[in-house]
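Here the structure is laid out as structure tokens; the discussion comes afterwards.
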Amino acid sequence: MDLFFFLLFAFIAVACAVSVVLQKHPISCALSLVGTMASLAVLYLLLGAEFIAMVQVIVYAGAIMVLFVFVIMLLNAGEESSKGRSWIAKIAGLPALAALLGILGYAMLTFYPMVGPKASLVHFGDFTGGGAKEIGTALFTEYLLPFEVTSILILIAILGAIVLARKEID
Amino acid sequence: MQNLWLIPALPFIGFLINGILGRKLSKAVVSAIAVLSVVLSFGLVVSVGLSSGWGEHPIHQHYFTWIRSGGVDIGWDFMVDKLTMIMLMVVTGIGSLIHIYATGYMAHEEGYYRFFAYLNLFMFFMLNLVLGANYLLLFVGWEGVGLCSYLLIGFYFVKKSATTAGNKAFIVNRIGDFGFSLAMFLIFITFGSLDFGKVLSAAPGKPVEVLTAIALLMLLGATGKSAQIPLYVWLPDAMEGPTPVSALIHAATMVTAGVYMCSRSAAIFLKAPIAMETVAIVGLATAVFAATIGLTQYDIKKVFAYSTVSQLGYMFLGVGVGAFSAGIWHLMTHAFFKALLFMGAGSVIHACGGEQDMRKMGGLKKYTPWTCGVLACASLAIAGVPGTSGFFSKDAILTAAYGHAPWMFWVGVVTAGMTAFYVWRAFWMTFWGEYRGGDAGHSHDHGHAHTHGHDDHAHAHNHSHDHDHDHGHSHSHDDHGHDHHGTPHESPWSMLAPLVVLAFLSLAGGFLFNVPKFLESMFPLHEEVPNEEMLMGVSIFAGLIGIALSYFMYVANKELPGKIRKALGGIYTLVYNKYFVDEFYDATVVRPIIEGSTEVLWHGLDQGVIDGAVNGAGTGSRSIGGVLKHLQSGNIRSYATWVVVGAVILLITVGMNGGLIR
Amino acid sequence: MNLLDLVIAIPAIGFLVALIIPRVMEKITRLLVMGFALLTFVVSLGLVSGFQSGVNGLQFESNKIWIANPEIHYHVGIDGLSLWLIILSTFLTPIAILLSWKYVQHRIKEFYAFLLLLECGLVGVFAAYDLFLFYTFWEVVLVPMYFLIGIWGHDRRIYATVKFFLYTMVGSVLMLAAIIFLYTQAHTFDYAEILAQLGSGKIALDHGTETLLFLAFFLAFAIKVPLFPLHTWLPDAHVEAPTAGSVMLASVMLKMGTYGLVRFCLPMFPIAAKENAPWIVILAITGIIVGALVALVQPNMKKLVAYSSVSHLGFVVLGIFSFTQVGLDGAVYQMLNHGISTGALFLLVGFLYERQHSLAIKDFGGVATVAPWLSILFLITTLASIGLPTLNNFVGEFLVLQGAAQANFSWAVFAAFGVILSACYMLWMYQRVFFGALAHSVKHHVTDLSPREWACAVPLIVMMVWMGMYSQSFIPAISEANARILDRTAKAGLIKMTPHVAVNAGTSNFAPAGGGNAHAR
Amino acid sequence: MDPQVLMQTLGKGVPTSWYLALSAVLFTIGVAGFILRRNIITVFMCIELMLNAVNLSFIAFAHEHRQVSGHLFTFFVMVVAAAEAAVGLAIILTVFKNRSTLNIDEIDSLKN
């Protein structure tokens, strides 16, 4: 079962991600991205991260992506023009990407072998430390300071957004 | 206990009051302060003299430590001995007279307060120079009087020629000071002190070479301040200043500082025969050289200026041949008669409404009898007519010169003859014959209307400061352009009274003050020279010949000078143009420095080589940057690509080196 | 928190306060900044009154750990050497603020804030006794000056700032390398500790290393001074800088270089310093003469004064490397003198600029007619600058030349040429600007001093006279500090004495009776 | 690689490395989008995609080490992402307002 769900949602995630890159219209991209995020949420659940999976769906797929869609609608963004002049992206981009993928894959598979007795396995239900209770405990004890800092960060982000938006009024 | 510091302090207070508040004070108050401060200081000198037996019992007073560092310990010390006493009397006495004279002479000038402030400041520094008990204090006065000389020469500061002359004076003096300061360094290294007492008492024990070096460096200093060859060039130009300044600074006091310094350092000079010989030769050469120039000049002040240079040469001759007291004597008598000559000339200029060219004067004796009379006294004295003050001192020097080297005596006698000639030439040209000025004579002088009379408030419109006359003539004008009457007129009594006093001193100064006798304890009298009467006779004869010749040429036979001029041709032109020394210095020193600094040092070295190297480095890095700047396209996608490429390279590098974890 | 900490802290606090004040409250900013600067000055006067002579070592010392690892201390303290330089900084800052009252019209609060930051950095440089701290302050000074020239300067300000910045950075990077090298040897940045280790031989530098370290420090300082071939940033920086910037740059910032030479180069690397002294002295003398000659032909007043600074600081370097008590005292005293008199020159030139909006000499003429008091103050300053006795520069120049003469008479001979030339360029400039016929534009634009300008200029004039007439107020403290430094160099000379050094050491220990012969040539 | 062993392993669960590989793939796709796309909003979405890929790694590691820290990192990344989205989109709005374009190739004022 683990394997089935993994393969299914991994496929959906990758397919949607590719769609994000390939779709011409931003709205299509945004919807594809929602797909990726949703499937990732399922994968999180498989990994025992219930809380994060929920947050992923609510905050990411919900709030943030709505923001994106909203902006796209607001700006009435159409299909992107193919007009561009980054020769360096064309020449160096794809080889660099291939190399990046190769290196990342190589590194991860070196440290975490794919198969064999050493390979550690993910089985649904093995790890149950990702519930809201555990997260909450850690967040308000060990990670209290960073947590409070995030509140300031968000405050600043709100301020920043307001300041930037206010210019439009002037 | 006399407070010596009060002597210079009084003029200094005068300077402060006049300098700071003078603009708001009336002329009467300004002159009262200025004159009073100097006269009081003269009174103090007299009282110090009375209480110390005229320097018989030297006074030495320490006020505060000025500079102390390492071995250097210089106090602000004043001292009075006989030599100082003479100088003090000359400076304050003649200074007082000239201050009084100046109240009349400058009565209608703009910047009246400024003039007296400078004059008082000068007195302060001059008294410091004389009173200072160490070389550094002497140097303070030395530079300070140079400053005042600069300020006063450039008193008419809208006139370019005046300020240029001021600069020239200061800078040429600086060259001399360069020598003096090096002499001080050497003195300190050799003696470990700059106090006169310590240095001079230790001088006999020091090696001759060092003492010679010190003495020669001092001589360089003295040639600057006392206008000797090769640094005399500033003094004739200094006549741009108002006439009282010429009388006080450039005849009676400041320029004699070099003689004072050499006499003060007699102990060093006496041990350095080569230096003494140099002093004598420099003095003699200057005396002859300047006298020849004096023969040809037409500007009355220039004539006296060259005469001053020449007479200073005499004093140096006296010092150089070892007759220090004779040199000092001549210093004193010269102060009398030369101050008188200048002030008389000032009176003449005053009378002629600012004219200085003797060719535009003449016949003044009937307009200005008093001036004529006193100038006659002074001219007699400078010509060395027996019985006058100049006769005694000049004779003392010449006799000593004969004792040292007869040829010096003969050259000196010829110079004396020339001196008598040109001074009397000036006298005849000014006072005898017909008045050659008239209205035409000064109509070119200042092209604006003048009020007549002496009322103080009528001068409110300024006299001459709005235009800059850069006179093309060989002579220049004292900007003393007031009172343009149709005919010359006698000067007011404030000017004449000091002249009369000085006239008396010029005539009788030799009798009254026997300086060599007075200074006998400091400078032993010169040994007797054989045939002294004969020598005396020769020099008297030379002087009389000079007077007679001038009468013959400028009164009895007026065509003669023109003929002689034609006959001499090139030589006359050479002398008339002062041997082109200024032009020579300009071409060999000034021009090369200016051109060289501009082209070679500034444009060449600074901007070319050094900045070139710096900018070259800059250009090099910029051209590398020029290649690299294409990466900075501003295109976000290419930046992103670079980030990826960089990340890949970084990961590969880390991976090749075994990774981070291990 | 002792007085010295306060003197460093008050300007820093003032800097922050000035930044916080809203932009609209210009008047309050000015007054507040002025208040901070005056307060600093008053507090710094406490340093003078509390300074004890005869104490060996630092006074007002304060030593706290700033960064734990690597161990960097906030270690400050003063001796006679730094005392007066600190006072000079705190004395001139209020004047610089006051003189900019009208001149600076845009970005007012940043301008004044930077002046306070500059003051803080300068005091810190002169007080720091930890090499890293010293370096930090050294660079802190650079920042405000960069902006002062770059933002409030004249037309070519960008060129000037870049040149100024690059020149200085090159030197300071080398110095940083040397400091780090010393750290690897001594395992501390504390200067006193490093000195002790060097003295006791715990850090044994071989000859080549010592020379290299000396040169690294020397180069940083020599650029700042600036010594002759490294001086070309100075005229550009001065010409483009606003008046307050010029005043601070010439008066105090240049002294950082000479201070560094005395404080660090001499005591840490005495042997290298002595060995390298001959060519350094030759450069210094070349600087004196070339600077003066180039100043002579400058058409721009500020450039002229800038080149005169090159010449004057040549005297300072000459005095330092004469290795005599007299010369060193004179050099340190001359630093102060130059600060006062050249500061005043820039100040007065700035006044002229504010009136005429030109620095070219040819645009002036006859100023004395319309502005007599300005001319008189300028004249006094000019005279101070050319070393007239009774004014300050004379004392310094005399001592420096005397010291140089003791070390080697020919040095004094050549250096004294600079004294002649200084009269030439200053008086010639004075004549062209102030004398002569009244130029038309001058008549319309130039007025005499305002009360504010009086307030700026008079303290400087008073100091000129005071320092010229009664140098004993200042020199004893300097002498003591210098004596310790010379003592160190002399001891080091005794350990490994080369023949050349022997000659120098002999003359510095001047014997009244003997020494004359050797110098008589 | 022995198919038998593979099957045996997969029977018990999915190897962690597969999750990591997926993460790497998603990340690379995100980078590709970032480089290749010209629409600024899409580019922004690609950034979100990369963040998500990284989050997946975190969660996988958290599972591997049986620790909750990874979850918390993910949480914080989300917070930052939210803040970033807010500010970023505001910037995009402003840029669009000023330049009337969403093409990042035309927004090159960072040059020089």
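Lettered A, B, C and D in written order, each chain numbered from 1.
Note that a contact is a pair of C-beta atoms (placed from the backbone, for glycine too) under 8 Å apart; a residue touches a chain by one contact, two chains touch by 3 or more.
Values in this document were obtained by computation on a predicted structure and should not be read as measured data.
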item	value
Between the pairs B-C and A-B, the one where more C-beta pairs touch	B-C
Length of the line joining the C-alpha centres of chain B and chain C, rounded to whole Å	36
Centroid distance [mean C-alpha coordinates] between chain D and chain B, Å	90
Gap in Å, rounded to a whole number, between the CA centres of chain D and chain A	4
Multi-partner residues of chain D (each touching 2 or more other chains)	31, 35-36, 38, 105
In chain A, residues with contacts to at least two other chains	84-86, 89, 93, 97, 100, 104
Every chain pair in contact, whichever chains are involved	A-B, A-D, B-C, B-D
Contacting residues of chain B [partner chain C, same complex]	23, 64-72, 136, 139-140, 143-144, 147, 150, 154, 157-158, 160, 163-164, 166-167, 170-171, 174-175, 177-178, 181-182, 185-186, 188-193, 206-207, 209-210, 213, 465-468, 593-594, 596-598, 601-602, 605-607, 610-611, 614, 618
Interfacial residue positions of chain B with respect to chain D in the complex	629, 632-637, 639-641, 644
Touching residues on chain B, where the partner in the complex is chain A	631, 633, 635, 637-638, 640-642, 644-645, 647-648, 651-652, 655
Touching residues on chain D, where the partner in the complex is chain A	1, 5-6, 9-10, 12-33, 35-39, 41-42, 44-46, 48-49, 52, 55-56, 59-60, 62-64, 66-69, 71-72, 74-76, 78-87, 89-94, 96-97, 102-103, 105
Complex interface listing, chain A residues touching chain B	84-89, 92-93, 96-97, 99-100, 103-104, 107
